[in-house]
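Chain naming follows the written order as A, B, C, D and E, and within any one chain the residues start at number 1.
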Amino acid sequence: MKLPRWFHRFGSPPYVYALAGTLGPWIGGIAVVLIAAGTFGGLVLAPPDYLQGDSFRIIYIHVPSAYISMMAYVILAVAAAIGFIWHLKLAHAVAVSIAPIGASFTFLALATGAIWGKPTWGTFWQWTDPRMMFELLLLFLYLGYMALRAAFEDRDKADRVSAILGVVGVVNVPIIHYSVIWWNSLHQGPTISRLDGPTITMDMLAPLLIMIVGFTFCFAWLLLSRLQGEIVEREYAARWLRELVGESR
Amino acid sequence: MVDIFLTIMGRDLKLAYRRWSEFANPLLFFVIVASLFPLALSPGQALLQSIGTGVLWVAALLSSLLALEGLFRGDFEDGSMEQILLSPAPFGTVVIAKIAAHWIVSGIPLIVLVPVVALSFQLPGEALATLAAALLLATPTLSVLSAIGAALTVSLKSGGSIIGLLILPLCSPMLIFGTRATDMAANGEPVAAPLYLLAALAVFAISLGPLAVAAALRVGLE
Amino acid sequence: MVDIFLTIMGRDLKLAYRRWSEFANPLLFFVIVASLFPLALSPGQALLQSIGTGVLWVAALLSSLLALEGLFRGDFEDGSMEQILLSPAPFGTVVIAKIAAHWIVSGIPLIVLVPVVALSFQLPGEALATLAAALLLATPTLSVLSAIGAALTVSLKSGGSIIGLLILPLCSPMLIFGTRATDMAANGEPVAAPLYLLAALAVFAISLGPLAVAAALRVGLE
Amino acid sequence: MSDENAGLIAADLGVSRGGRLLIDGLSFELEAGDAALVTGPNGSGKTSLLRVLAGLAPPAAGSVKWAATEVRQLAPEARAGIAYRGHLNGLKKDLTVRENLEFHRALNGSEAPIDELLVTLGLRDVAGQRLRFLSAGQRRRAGLAMLKLGEARLWLLDEPLTNLDIAGRRLVAQWIDEHLDAGGMAAIASHQPDQLAGGGTLSIEL
Amino acid sequence: MSDENAGLIAADLGVSRGGRLLIDGLSFELEAGDAALVTGPNGSGKTSLLRVLAGLAPPAAGSVKWAATEVRQLAPEARAGIAYRGHLNGLKKDLTVRENLEFHRALNGSEAPIDELLVTLGLRDVAGQRLRFLSAGQRRRAGLAMLKLGEARLWLLDEPLTNLDIAGRRLVAQWIDEHLDAGGMAAIASHQPDQLAGGGTLSIEL
């Protein structure tokens, strides 16, 4: 399989470094604006839930981060696969940069879910909830990926070995997802209804959607800045980087 | 191909026989875990029955994870893996043969042993056959998954036993379906669905897993 | 003596740090066992609470056994143990230092970690302090016992990792007293008695165990 | 020259280890009857070079070709043409000497007679013993036996004389000479080049 | 002769391995300045003998005395007088060269300067690297460095020249000569006795 020609530019570290430098601030700016708008909409404009009162507002963090946590893993796996197959160091760099970000969002989803669980379900943690289990296992996947990388001295080797894990992991993500859900649908634990009240009103939904888009931009922004750092680390000895640093001095 | 498969499998079985105590270890581990639990819980009959399936499956899962940890390490450290990789034998076949040998040594005894232990957990008789069948379908997948973990970490030399962390999330479906099948059988419900799922996962794992293992081993040797 | 103790311990801690992934493994193992059980059992709140203590103790016991399996193997295989035995350092001190280093790496994190996991098992707050105290008293004994198993295993080389598992029954007192103390604390009863017993076992193990370990290692080198 | 008979061609080879470039711009060719003697002080990169030639590690630059194919891309059958004997013997400690050799014979699809080989190597008496119970030199001998269990035309030998007594060293030197005379090739790293009777037709000093 | 200055006395020594008697009725003495060169074909029992002399394994018959005490019964301090370097280097792969040497210095209660030693051995540049990333010869060099980290009067060396380049072999030969000149003793098993400059005052052929 051959990669299209335009794609090759993304294999060039200086190009991507510069691109990330240009796009980063814009994307970051958009993220800040959207998140600010979403927060305002969610905390101020949206009415309190008639069942849960104000505690439901944590949804504006919880749902976007849960969504990002899953999306990030898929991107990680795709990047890792590209890196492994076409020996593209930059793709590996992308995968590496995503891992800690994805893990953080996963953790955020877990933490906000747990905090939310206390007022709603009366407990921080419910072992029998499929989403919680799924999210926890996803966190393990991220941590495993990061631990595996950390255990290698040689970056090249770390790239390729962890790429294999990333790809195997993404194959498993849907399997885990569905197995956890099916399993619960049969074992009826203590019955918990989530946000069963009236269907979500527009006042509540709109800020949520804005937040989701905002979180996505935020993710992209974080990714670009980590990627820049990763490139610097990898191209430590490269001429273009030294010239760049020399220039800016 | 078949020759190579048999050669490699024969060698690994012979080695396992020579060092049987090492391979008996995970089984013993299983028996001990399964018997310590009732001791630590001192539950009533009913409780024991209700947690029995779960305990058995977790113990079986752990024991098969433990068994595979060293699958490739020995061959790495004495240089055998280099020789095998450089030989004309197709590497994928080699990998499958090694996993198969290991499954024979660690998986099959488990399939026999677990239902026996299950008896002492007051599991109803109908569930035992299902339990064995589910194990028969789940252990190959577990073997492949742990082989992936072992291959990923073998090149760490320093003993990357992070294996557990890597593989565990991947194993949870087997745990879930296996437990479900057993529980359903105990309740007299039809168990075809979870068993089919286990079989599907096994086919999937066996057909694609060895590729991942071979790739990881190759990188590890560099 | 103190010098040698610190030198050996320092070395082992440094090695553990270099290979952290290996040493993190038993802890991970603990977390995994503790979190898989509820998954496989899918129990209700009440059931979870009633089996929680037992699960935690069994998991902690297994994880500390696992941690020590390789305690002496590395030193045997690269010839370090020969050098240490032939050096003027008193061998008993060396053994104690190695066990101590390993306990710091594997026991202490467990003492911290277990109560945290216990929280998610809905264990009442009063029981947590007792749980930590019981672990503090029980883990050194477990470390010594598993060191005996590891020494026997390593000195039998090709055979006898089975001996390692023979250590397990010796561990059951710790399991029983530990679970009892935790359960009693959860019920608001006084817990001094089981804790005293754990302390007595620890003193006994620490004073006599290293002798057995040193003797086993000496034989192994011949 | 047909592809089949082409030898080993290293072109502008760079070898690095742990991020350090050890060898740079090395070019050489081995044809039937050629032997390259690789010498150099400890840590100069002899082992690393041989591993790259065997295709175990990728070159940092340049290429290694065997039978006109990049060595890392060789088809399984073509790999049979190369034998690599490194610092490690590649034998299982818990198999007997004979079982080890039988395994490697099967792996390489060879039919070589094992008994004669054991006699030649002075391993007849310990043939039924596990490798674990052999002395260092006996293990090395068993490791070298594997050269005769296959039809490799190119031998890559990393300090083959280690731990061998005089008779053993003489035997290895003789094997190499016979191999070259029969149209084989070899690249040999050694600190005792004088002990390898014929010496090399090519000398690579690192 | 005071006990303190007594050397190594092997009396009617029998050495067996795996139930087979390899050496029988061997008697010899080493005093200040003496070196015994142990030679013999592969598998003749050189390693087994040195391990018995070091007290790692019990003799099958007879006795080995050091400073007039049975070597297996030596008090810990007295053991400092004997250094054994076997086929294995006895170094941790995950410690750096320097850390390994520092550890062994502390273990032997010595104060020897490590930096000079590293320079002498040509290991200065890799001093901060883990042993795992060293070449075979570099590891051997680090293993031999341990001879200088202690005040052993008796050196028991099992094929010390393995994997060493010419400079390394010369250095070891020189160390041995200096050691003997300073009143030390040595028993050395080797397949290359000619490379050990002075040769031995005593020759044990197995």
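Assume a residue touches a chain if its C-beta (ideal position, glycine included) is under 8 Å from a C-beta of that chain, and two chains touch if they have at least 3 such contacts.
Note that this is a predicted model, so its numbers are computed, not measured.
Enquirer: Mind checking chain D against chain E and telling me if their interface is mostly the same residue numbers on each side, over half, or mostly different?
Expert: Answer same: the two copies use largely identical residue numbers here.
Enquirer: For the pairs B-D and A-C, output the one whose chains share more C-beta pairs in contact.
Expert: Result: the pair with more contacts is B-D.
Enquirer: I'd like to verify one number: the distance from the centre of chain C to the centre of chain D, where each centre is the average of its C-alpha atoms, in whole angstrom.
Expert: 46
Enquirer: I'd like the Å distance between the centres of chain D and chain E, where a centre is the mean of that chain's Cα atoms.
Expert: Here the centre of chain E sits 31 Å away from the centre of chain D.
Enquirer: Which chain A residues reach two or more other chains?
Expert: Correct list: 133, 147, 151, 153, 183, 187.
Enquirer: Note the residues in chain E that touch 2 or more other chains, in rising order.
Expert: Where chain E meets two or more other chains at a single residue, that happens at 87, 93-94, 133.
Enquirer: Spell out, as numbers or ranges, the residues of chain C touching 2 or more other chains.
Expert: Within chain C, residues 18-19, 21, 24, 39, 42-43, 158 contact more than one other chain.
Enquirer: Contact residues on chain B for chain D in the complex?
Expert: Per the stated touch rule, the residues are 3-4, 7-8, 11, 14-15, 18-19, 74, 77-80, 82-91, 221-222.
Enquirer: Which positions of chain E touch chain D when the two form their complex?
Expert: 17-18, 40-43, 46-47, 87, 122, 126, 133-138, 140-141, 159, 162-169, 191-192
Enquirer: Okay, in this complex, where on chain B does chain C touch?
Expert: Touching chain C from chain B are residues 18-19, 21-22, 24-25, 28-29, 32-33, 36-37, 39-43, 47, 50-51, 53-55, 57-58, 61-62, 156, 158-165, 168, 172, 175-176, 179.
Enquirer: What does chain B use to touch chain A in their complex?
Expert: Those in contact with chain A are residues 148, 152-153, 155-156, 158, 160, 162, 165-166, 168-170, 172-173, 176-177, 180, 183-184, 197, 201, 208, 212, 215-216, 219-220, 222.
Enquirer: If we count contacts the way the header does, which residues on chain C are in touch with chain A in the complex?
Expert: Listed in rising order, the residues are 21, 24, 35, 38-39, 42-45, 48, 119-120, 122.
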